Amino acid sequence: MSNPLTHLDTKGQARMVDVGAKAVTERMAVARGRVLMSKDTLSLIIEGGMPKGDVLAVARVAGIMAAKQTGSLIPLCHPLPVSAVSVDFRPDPEAGAVEIEARVKTVSQTGVEMEALAAVSVAALTIYDMCKAVERGMVIDKIRLIEKTGGRSGHFLREGEQPWAES
Amino acid sequence: MSNPLTHLDTKGQARMVDVGAKAVTERMAVARGRVLMSKDTLSLIIEGGMPKGDVLAVARVAGIMAAKQTGSLIPLCHPLPVSAVSVDFRPDPEAGAVEIEARVKTVSQTGVEMEALAAVSVAALTIYDMCKAVERGMVIDKIRLIEKTGGRSGHFLREGEQPWAES
Amino acid sequence: MSNPLTHLDTKGQARMVDVGAKAVTERMAVARGRVLMSKDTLSLIIEGGMPKGDVLAVARVAGIMAAKQTGSLIPLCHPLPVSAVSVDFRPDPEAGAVEIEARVKTVSQTGVEMEALAAVSVAALTIYDMCKAVERGMVIDKIRLIEKTGGRSGHFLREGEQPWAES
Amino acid sequence: MSNPLTHLDTKGQARMVDVGAKAVTERMAVARGRVLMSKDTLSLIIEGGMPKGDVLAVARVAGIMAAKQTGSLIPLCHPLPVSAVSVDFRPDPEAGAVEIEARVKTVSQTGVEMEALAAVSVAALTIYDMCKAVERGMVIDKIRLIEKTGGRSGHFLREGEQPWAES
Amino acid sequence: MSNPLTHLDTKGQARMVDVGAKAVTERMAVARGRVLMSKDTLSLIIEGGMPKGDVLAVARVAGIMAAKQTGSLIPLCHPLPVSAVSVDFRPDPEAGAVEIEARVKTVSQTGVEMEALAAVSVAALTIYDMCKAVERGMVIDKIRLIEKTGGRSGHFLREGEQPWAES
Amino acid sequence: MSNPLTHLDTKGQARMVDVGAKAVTERMAVARGRVLMSKDTLSLIIEGGMPKGDVLAVARVAGIMAAKQTGSLIPLCHPLPVSAVSVDFRPDPEAGAVEIEARVKTVSQTGVEMEALAAVSVAALTIYDMCKAVERGMVIDKIRLIEKTGGRSGHFLREGEQPWAES
C-alpha cells in the first residue's frame, strides 16, 4: 500500500490538500446507515399515536442541512457548493431499524462522500434525539459509502450493495 | 408504552420541548463508537510512515468542536453551554477498528447525551475523511450512549459496558 | 420621549448593552406574521397533489433552528439559551395567506422577542423558497410582536390581539 | 396549474432539487421591505440625539452578512457564492417607515432571490432590535421580490415597481 | 513554573477542561491591538472623501459579532453567553495606526479574555479588508490582554497600561 | 492617492463590491504573524512535560478551519471555496516567539489574503488560549501579508520577506 494519507504533509502535519488542479466535474455520492431500536419505538415512529412520518420529516431536514455544513464540521474537508441533496428512510420492522440513505451531488473539484456520510450521521442523531425519551439504548450503526461517481478515482460501488432508486 | 415522543406536540408537530422548569444540575454523558477499517489503514494511523497520532489529534479537535455545535446541528436539541469535553481513542488492531469515546459535562437544565453522540460521530467522520484516500470502504459503527448521569431520568449505564477511565 | 436607543452609546456607536445586572427570570415572547399568496398556491400547500403539511413541516423546523441562531444573525442581540420553541401555522384561505406564530421561552437575563421574530421571519422565508417555483410574487407581511412576559419592562400584549392557544 | 412544488419529490418529501445541469450565468435579484414605526422613533433614527445613520449602518452590515448565510438558514436553499451585495435604506417620514432594499448578484447555477429576501429580513430585524427599547410595536412589512434577472425563468419585474437606482 | 497547560490532559491530548465546579461570577476583560498603516490610508478612514467613521462602524460590528462566535472559533474555548461587548477605536495619526480596544463582560464560570482578544482580532481583520485596495502592507499588531477581573485568578492589569474610559 | 476604498459606495455606505466580472483564476496568499511569550512558556510548548507539538497541532486545525469561515467573520469579504490551506509554525526561542505562517489557495474571482490572515489570527488566538493558564501577558504580533499571486492586482511580495518553503 504505497498510497499516502494525503491529508498529512511530509512532516505528518494536517493540511487541506490542494485540489486546485483537479477538474470541475459532476460528482455524486450515496451513503447509508441505520438506527437500531426496539420494535415499540419503531412503531411509534411509523404508525403509533404520532402522525406518520413527522420524526422522519425532521430528520430529513436535519440531514439535508448537515450536508451543507460538512465543510465547517470536518476540519480538512473542502467546502463545496452542493447542487442536490436527498435523504430517504426505510423502516425495517424485522430488524428493528430505520435505514437512512443520503444522495448528494455537486459540480466541483472534489467529491461529496463526506457530505453524504454527514447527512446520514446527522439524520441518525436527529432520530435518536427525537426518540430518546422512550429509548436511550438506540444504536447508530453501519454508516458507510454505497456509491461514488465522478472524479479521478472513478466509480466506487460497495460490493453487494445498490443505492435505492432515486425518488 | 405510555411515554410520548416528547418532541412532538399533541398534533404531532415538531417543537423544542420546554425545559424551563427543570433543575439546573450537573449532568454528564459518555458515548462511544468505532470506525472499522483494514489493518493496513489502522497501521498507517498508529505507526505507519505518519507520525503517531496526528489523524487522531485532528479527529479529537473535530469531536470537541462538534460537541459545541450540537444545538445548531440537531433541530430540536436545546442549546447549552458545555463545561467539559474530552474525546479519546483506542486502536483495536484485532478487530481492525479505532474505538472512540466522548465524555461531555454541563451544568444545565438538560442532558448532554446528544453532545457526546455528536462528538463521537464527527470524530468518526474526520477519521474517515483523513483516511479515505487509502480505503473508501471504512464503516462508522455502533455509536451509542454508554453512561448518563444527572437530571430527572436518573443514572443510565448501558448493560455490560463501562466508560473508560477518565484521562 | 426621553428613552434612549440603548444599543448606541453616548457617542452613538453600536455596542451590546450590559445585561449582567439584570435578573435571571423566565421570559416568553410570541410573534406572528404571514405569507400572502394566491389561493392556488395555498391549495397546493394544504391539500394539493402534495401530502398535506410537508411545506409547513420544513418551515417549522427552519423557524425553530433560526430561533437558536438569533444571537449570530442580529449584531447586537445577546446570545441566550432558549428553553422552548414552537412554530405554528394557520392557513387563511379567504385572505390567501399562511399565518405563522412562534412562541419562545428562556430563563435568562434578556427577553426573547428577537428569537420569536426571527423564527417567524425564517419560517416565512422557507415557505417562500419552497413555493417560489409556482409563484414569485408572494409577500411576507406583518411580522410583529404579539405578547411578551418576564423582565423589567413588564407584560406587553399587542392591542386587539391574542396569542393562539398553546399547542 | 400543472407546475409542481419542485422542492418536494414525487412522494411529497423535502429535498434539495438538482441544479447541476443548469447553466452558470450571472444572476441578480432585488428585494424590498419596510419597518413601520412611530414618527418619533423614525426621528430618533434619522436626526435625533443619535448621530445620523448608525442604526442603519449596523442594519446594513447585518443584511449583507445574512445574504451570505442564506444557504444555512433556509433548509432547501442551495448554497452559492454571492459576488455582490448592497443594502440601502430610505426613511419615509410620512408613512412612518424605513424602506429597505437589498440587491444581490452571483455567477452561479441558481438565482439569488432568497439571498435578497434574507438580507432585507435580517436588516429589518436588526432595526427592530436596535429600536425596541423605545417602541415594541414596530411591524416588519411587505417583504417582496422586486426584480430578478438571469436564469431560465427569465426576467421578473414586479408590476408597478422599480428597483432603486444602484448606488 | 509548576503550572500545567491545563488544556492538555496527562497524556498531552487536547481537551476542554472542566469548569463545572467554578463559581458563576461576573467577569470582565479588556483587550487591545492596532492596525499599522500609512498616513494616507489613515486619512482616508478618518477624514478623506469617505464619510467619517464608516470603516470603523463596520469593524465595530464585526468585532462585536466575533465575540459571540469565540467558542466556535477557538477549539478548546468554553462557549459562554456574553452579557456586554463594546469595541472602540482611536486613530493615532503620528504612529500611523488605528488603535482598537474591546471590552467584554459575562456572568459565567469562565473568563472572557478570549472573547475580547477575538473581537480585537476580527475588528482589525475587517479594517484590513476594507482598506486593502489602497494598501496591502498594513500590519495587525500588539494584540494583548489589558485587564481582566473576576474569577479565581484574580485581577490582571498589564503593567504600564490602563483600559480606556468606558464609553 | 486616487484609489477609492472600494468597499464603500459613493455615499460612503458599506457594500460587498461586485466581483462578478472578474476572471476565475488560481490565486494564492501567504500571511504570517507570531505569538510573543516567555521562554518558559515556549519550552512547555516545544519540549516541556507536554508531548511535543500538541498545542501547535490544535492551533493548526483551528487556523485551517478559520480560513473556511472567513466569509462569515469579515462582513464585506466574499465567500469563496478554498482549494488548499496549510498552517505552519516555527518556534523562535531567541525571540521568545512562535512564528505562524498560513498559505491558502483558491480558483475563484477574488483573492485569499483575508483567508490567510484569518488563519494566522485564529491559530495565534488558539495558542494564546491553550497557554494562557501559564502566561496571560503573551502578545499576538505582526500579522501581515507576505505574498499574493493571481488576479488583476498582480504579484505582491513584501519587501525583504520570503514565504517559507512549501511543506
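Think of it as A, B, C, D, E and F in the order they're written, each chain with its own count starting at 1.
Keep this in mind: a contact is a pair of C-beta atoms (placed from the backbone, for glycine too) under 8 Å apart; a residue touches a chain by one contact, two chains touch by 3 or more.
This structure is a prediction, so every number in the text was calculated from the model and none was measured.
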item: Length of the shortest touching-chain route, chain A through to chain E; value: 2
item: For chain B and chain C, chains touching each; value: A, E
item: Number of steps on the shortest touching-chain route linking chain D and chain F; value: 1
item: Chain separated most widely from chain A, comparing mean CA positions; value: E
item: Between A-B and A-C, the pair with more C-beta contacts; value: A-B
item: Superposition of chain B upon chain D: rotation angle, C-alpha, nearest 5 degrees; value: 180
item: Whole-Å gap separating chain C and chain E, where each centre is the average of the chain's CA atoms; value: 32
item: Separation of chain E from chain F, taking each centre as the mean of its C-alpha atoms, in whole Å; value: 16
item: Of all residues in chain B, the ones touching two or more other chains; value: 11, 13-14, 54, 57-58, 61-62, 65, 69, 75-76, 81
item: Chain-level touch network, classified as line, ring, star, complete or other; value: other
item: Chains that touch, pairwise; value: A-B, A-C, A-D, A-F, B-C, B-E, B-F, C-D, C-E, D-E, D-F, E-F
item: Chain D to chain C touching residues, read off their complex; value: 1, 3-8, 11-14, 33, 40, 44-45, 48-51, 54-55, 57-58, 61-62, 65-66, 69, 73-77, 113-114, 117-118, 121-122, 124-126, 128-134, 136-145, 148, 153, 156, 158
item: Contacting residues of chain D [partner chain E, same complex]; value: 54, 57-58, 61-62, 65
item: Chain F partner contacts - residues on chain D that touch it in the complex; value: 26, 57, 60-61, 64-65, 67-69, 81-88, 105-107, 167
item: Chain A contact footprint on chain D (complex, rising order); value: 9-11, 13-20, 71-72, 75-76, 78-81, 108-109
